[in-house]
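Next come the structures, one after another.
The two complexes that follow have subunit A in common; it is paired with subunit B in the first and with subunit C in the second.
Coming up: the complex of A and B.
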């Protein structure tokens, strides 16, 4: 059994055990403890702070706080356990007020984006690896620029002298090389756009002489490279974009949660 | 189609730094400048080098030398000492990390702004309200009663002191809360149902907290049972768990029993409507350990003196049909009241007279004795000539002579049946016989019908001062189970006799209420009908004496 698989099973087992114990404790103590909601609230807040500390840990790489992989595992399983705590704190009942409703929605969005991020981080790297090549995300614009220059030199440069290829490039490929294209098809693993371009290149081949055909081969290779670059761009962008939802909403959630604590105690006296 | 992409050529001098906030605007063209943008995103590009001034000993002017990394340029610095190869300025681009930070800051700012607006504005009450209030506490009457208690003119402060406070006040109130946010031990040690600050607000309008039983050993917080902000309509129903806080706890019940035993009977309520120790049996579910109804355990008897035989009325073979041709049944007499919850009071005129006519003269069916007051009956009997004459007038005899003759004939026939007027009056009041002396008609011999089955046939009649008949007023008890509610309207699908043993009850004293087992047949987990405490009981109800 691989280390990752062993970690996975241990994590799932601990998560199920902790969740079961929490629900049992809920059934046991909820009717008996008058301030039960306060306790579940504090435990939930502690879990949320633990989850938020993962981001702080990433900002402080120089401190000996354990490796990031361990923190990520804790973040994932504690995140799922926090969902159980959240439901227990709500007493398995949907909140109805504006404030508490917003708070619950924020929690749901943060959790949902986290789960989506977990899913993406498990699926997309595998897809990137199977596509071949390794591209650093920050270098994609430079690589795209280089490909464009190479393509333009090949089709529009003085050495080529092929009006058909030049016209074809201007008409069909200049926009393709200008920036990232086919985001959603790449994300959905569709090769239809690339096949369409390949078909157009193949159609053009019939009208070219031998030397032009050699140029067209080079151009087709650049098109495939650009498509691969777009594929990396689409998937790597997605891998990074989910954090644009998860992180800002986490801060918003923490602010709402702190205010929730203030309101609960300010209006306490009969609160259950 | 898989094809190798351009391999990343690692340059130790120019590797990517994802943590940096800005990247050079020329990076997308593959030619970022070496200096790069500053932390604020400003381009720092100037020239390819900063020429150095070489001033050999003895020279005053010196000479500018190119310091370009990778080798000096061909033309060298300009005469003024500036580089001859300026770098074009760029528009630095924020990295994803920086953009994420910007978005995060924007969201945080928007969140804080939203909260400040919502908490400081007139809609604060609505915003922080955790749920819709119950109808009584959200009514116009409640708002009128507590108007102006809050800055936002809502009624939060009618119950919550913090409702009238601003943001700073809320913080202060949270910090001063008892138990406070960090008083975890006190939070853990709070007993269920402890009185809280909010109970003071409840009791402003609902004074008199102890509306339950006099032997309750401690006050229970209003909000323990009545949880607000659970939506419109009546306030959220009390659950069995809340009742079981005391009634399911042996220690609490023992203490309540001890308290109840020491209570002095007061106004008859403690002796009549509740046992001496109070209702202190530990119970959890109706079908399991709820005690049998006290009306049965105490073997209570109906104190009514009116003689009534349910069995005869329901199953008697000689029971005549009603004038409408229908058989006598429960609903003939027990007619539901306007709400359907209970029944209209039985009275002679509506429910008995149709069969039990007060006809005293067998030959004059239309003339009946008055009902209700023995003195009226006496007066009626002592003015029989006048009563017969009036009856004649009502029957259509118009002349005085005819009426007088009619009355005289009736009186003569009546007098032939009785010994005297006193004898007749005594028979009217005290006789309970339904048959007269035996007579023989042809070959058949048997009892004759009674002249009149007297008042004593139904009523308890005794002889008072000067021989005056005194009739004990009937005592019709409307409710036997005074500590529980019962809604007959919700049980119309069940036959009366399924719960009430009327078909076998022959004595007035029989209390034909169903026992607990009859109710538990349906009101139990097995029966599938709700069996919560509040189905029958109401906490805030004073014990009602029997009536």
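Coming up: the complex of A and C.
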């Protein structure tokens, strides 16, 4: 069995075990313990702090705090376990009141964005590797600009002198080369926009002479390269963006949770 | 009729002389002194006459008292003959690292580690003047040819505190390191007020040895005495031999070098143009030939290949310490009635220095000493043979495990040279750049690598120092600033003694060393007296000062990045099949 698979099964097993034990403990102690809600709240807060510590670890790479990979695994499985703790803390009921409701929604959004991030970080790299043409994200604008210049020199430059190609470029391709395009089709792995462009290029072929067809071939190659660049742009942007959703939500959740603790103690006269 | 293609003068061996300043008078003078006056010019081939070797492959160097000529642990491509004056060789223990221009290997303490919280915010590559103050024990000066020579400041104290031995006119040194591409074993410095030495680059030394029996015997004797015995004792194949038997083997072993010592310069151009093909590499052993002996790789790398169609396909590559041809000789020893020929070809990649144990020696001394269960299985012409080392996976298996394309990719790009190559699994890498940020945080905001590089399938080799088994970058550093942290350890640069000459950056075939204009503690660029910026060579140091290993690897949340010894394909295969 491969290491990742073994890691996955062990993680799932431990998660199921911990969740089962937590639910059993909840069923047994819920009516019995007087401060049960406080207890589950503190446990949940501890779990949330453990989850948040992963971000702190990432910011201190020079300290010998263990591998980020191990931290990420703990973050993932502890995150799922925290959902169980959250449900236990809610006593498996929907919260009432706008503050608790907002808190619950925030929790759901943080969890949802985390799961989405996990899914994306497992699926998108594989797709990028399969597509090939690896490129550094920050270099994409410069490469796009170079492709655009090459395409314009080929179609609008003095040497080409093909009105048909020049007209086609201005009408069909100038916008395509101007910036990142087809974000959603790339993300959804749809080839429709590229196929449509390829069909238009093919339609143009019958109006061209031999030398113009050679130019068209070069143009088609540039279109494919630009499409590859857009593909990387779409997927790499998504991989970067999800964290910009997950992290602000997490900070909001932490603030709301601390406020929740303060409010609970303020309106209950302190821990009993 | 098509026009004739433009022609250029075909490059010749001596287009670039080792020292253009060498004159005919210098050569005439050399020919009048030993050992050259005893060499018979008639024994030299017409293409490489003695006079021309001396003219193009040597250089007369002058050293002043205390100037270091070779440093222990450095890599060099030339040998030295003392013409006049004296030098001293430092016996064990060697000079301390600081006197050799190096940093003592020290891990960061708890306070320096914690100080990175606030010190990491400064400008990249910032140094205080105190940090760059050179060691008081050594100085550097330029000679009339603008060469930098490092000298020992307090020579009497060095002589008092260290055991040294004098070498005088007529003595040779540095020949083993030059020929075998191994690190120099001793530090040698000029002991007389002036010492005149003849530096002979390895090509010239090789040709002199070929033509002059006395020099060849002299160097072979030194090689056998100083380097071979200990090497053979550490080789598993000879572990059952007695001392006498081992001496007999050592006496009959042959040495050979193949390929181009200066492979690094041309390789990348060839690789990029797709011209690196096994067929163009020097053949060490040809598939189908009678096995003349077991080949032991002492330094460098070789490709194991097999005829496929009209070309050669790579089955494996082997590096220092590995064997080739053992299976066939063992087979013929056990089944003399049905002998087999060599099953694969062995070709030098770059430069290869090897030892050949003749078949006769194997059959008479080595094979009878091995227990039956340690002999490899008989060669079956219908199955693949190991052809490498007895307990190694078969070369075909190497190809099957990582794929032919990946194997060709690693070989063509010479990535097997790396002992800590940064390998990225593109199917797991989310391009988050946590590795780059971790590197920058650990190295004063200057990430020492680029998360980009050649790729094959899901494998990418990032542009980071690979801490090569054959560190070409270490050849020619005038101050010893670039050095190994320990024997076969990490290659690091001491910023204090780096003079920014770019020798290492130009030598590195993988473009893994970058010159950076340094700044002072206020963030201003440091300039020299000529008002030009001061540059230092920077590269990955494998976080040698930090606890816990390379920050880049530890920072990857998805296990997509690994610093890996690509000499060992099994590690890569296991990693890819995680």
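Please note the rule applied: the second predicted complex is superposed on the first by the 268 of 272 C-alpha atoms of A that agree within 3 Å, B and C clash if a C-alpha of one lies under 4 Å from a C-alpha of the other, contacts with A are read in each partner's own complex, and residues count from 1 in each chain.
We adopt the following convention: contacts are C-beta pairs under 8 Å (C-beta built on N, C-alpha and C of every residue); 3 or more make two chains touch, one makes a residue touch a chain.
This structure is a prediction, so every number in the text was calculated from the model and none was measured.
Chemist: Taking the superposition as given, does A:126 touch the first partner, subunit B, the second, subunit C, both, or neither?
Modeler: A:126: touches subunit C, not subunit B.
Chemist: Scan A:136 for contacts with subunit B and subunit C and give back first, second, both or neither.
Modeler: both
Chemist: Taking the superposition as given, does A:263 touch the first partner, subunit B, the second, subunit C, both, or neither?
Modeler: A:263: touches subunit B, not subunit C.
Chemist: Using the touch definition from the top, say if A:158 reaches subunit B (first), subunit C (second), both or neither.
Modeler: A:158 sits against neither subunit B nor subunit C.
Chemist: When both complexes are superposed, which of subunit B and subunit C contacts more residues belonging to subunit A?
Modeler: B
Chemist: Quick check on the superposed pair: does A:210 touch subunit B, subunit C, both, or neither? Answer first, second, both or neither.
Modeler: neither
Chemist: Quick check for you: in the superposed arrangement, does A:72 touch first (subunit B), second (subunit C), both or neither?
Modeler: second
Chemist: In the superposed arrangement, which partner chain does A:35 touch: subunit B (first), subunit C (second), both, or neither?
Modeler: first
Chemist: Output check: A:240 vs subunit B and subunit C. Expected answer is one of first, second, both, neither. What do you get?
Modeler: both
Chemist: Taking the two structures together, which residues of subunit A meet both subunit B and subunit C?
Modeler: On subunit A, the residues that contact subunit B in one structure and subunit C in the other are 132, 134, 136-137, 240, 243.
Chemist: Going by the contact rule at the top, pick out the subunit B residues touching subunit A in the complex.
Modeler: 1-8, 16, 18, 23, 27-30, 95-96, 99-100, 103-104, 106-108, 111-112, 115, 118, 126-132, 160, 162-163, 165, 170-171, 173-175, 177, 179-181, 184, 187-188, 190-194, 196-199, 221-224, 227-229, 231, 241
Chemist: Which of the residues in subunit A end up touching subunit B in this complex?
Modeler: Contact set of subunit A toward subunit B: 31-35, 38-39, 42, 95-100, 131-139, 141-147, 191, 194, 221, 224-225, 228-229, 232, 240, 243-244, 247-249, 251-252, 255-256, 259, 261-272.
Chemist: Give the list of subunit C residues in touch with subunit A in this complex.
Modeler: Counting only subunit C, the residues touching subunit A are 113, 116-117, 120, 426-432, 434, 437-438, 441-442, 451-452, 455, 457-458, 460, 546-548, 551, 553-560, 577-578.
Chemist: Which part of subunit A faces subunit C closely enough to touch in the complex?
Modeler: Counting only subunit A, the residues touching subunit C are 2-4, 58, 60-69, 71-72, 120-121, 124-126, 128-129, 132, 134, 136-137, 236, 239-240, 243.
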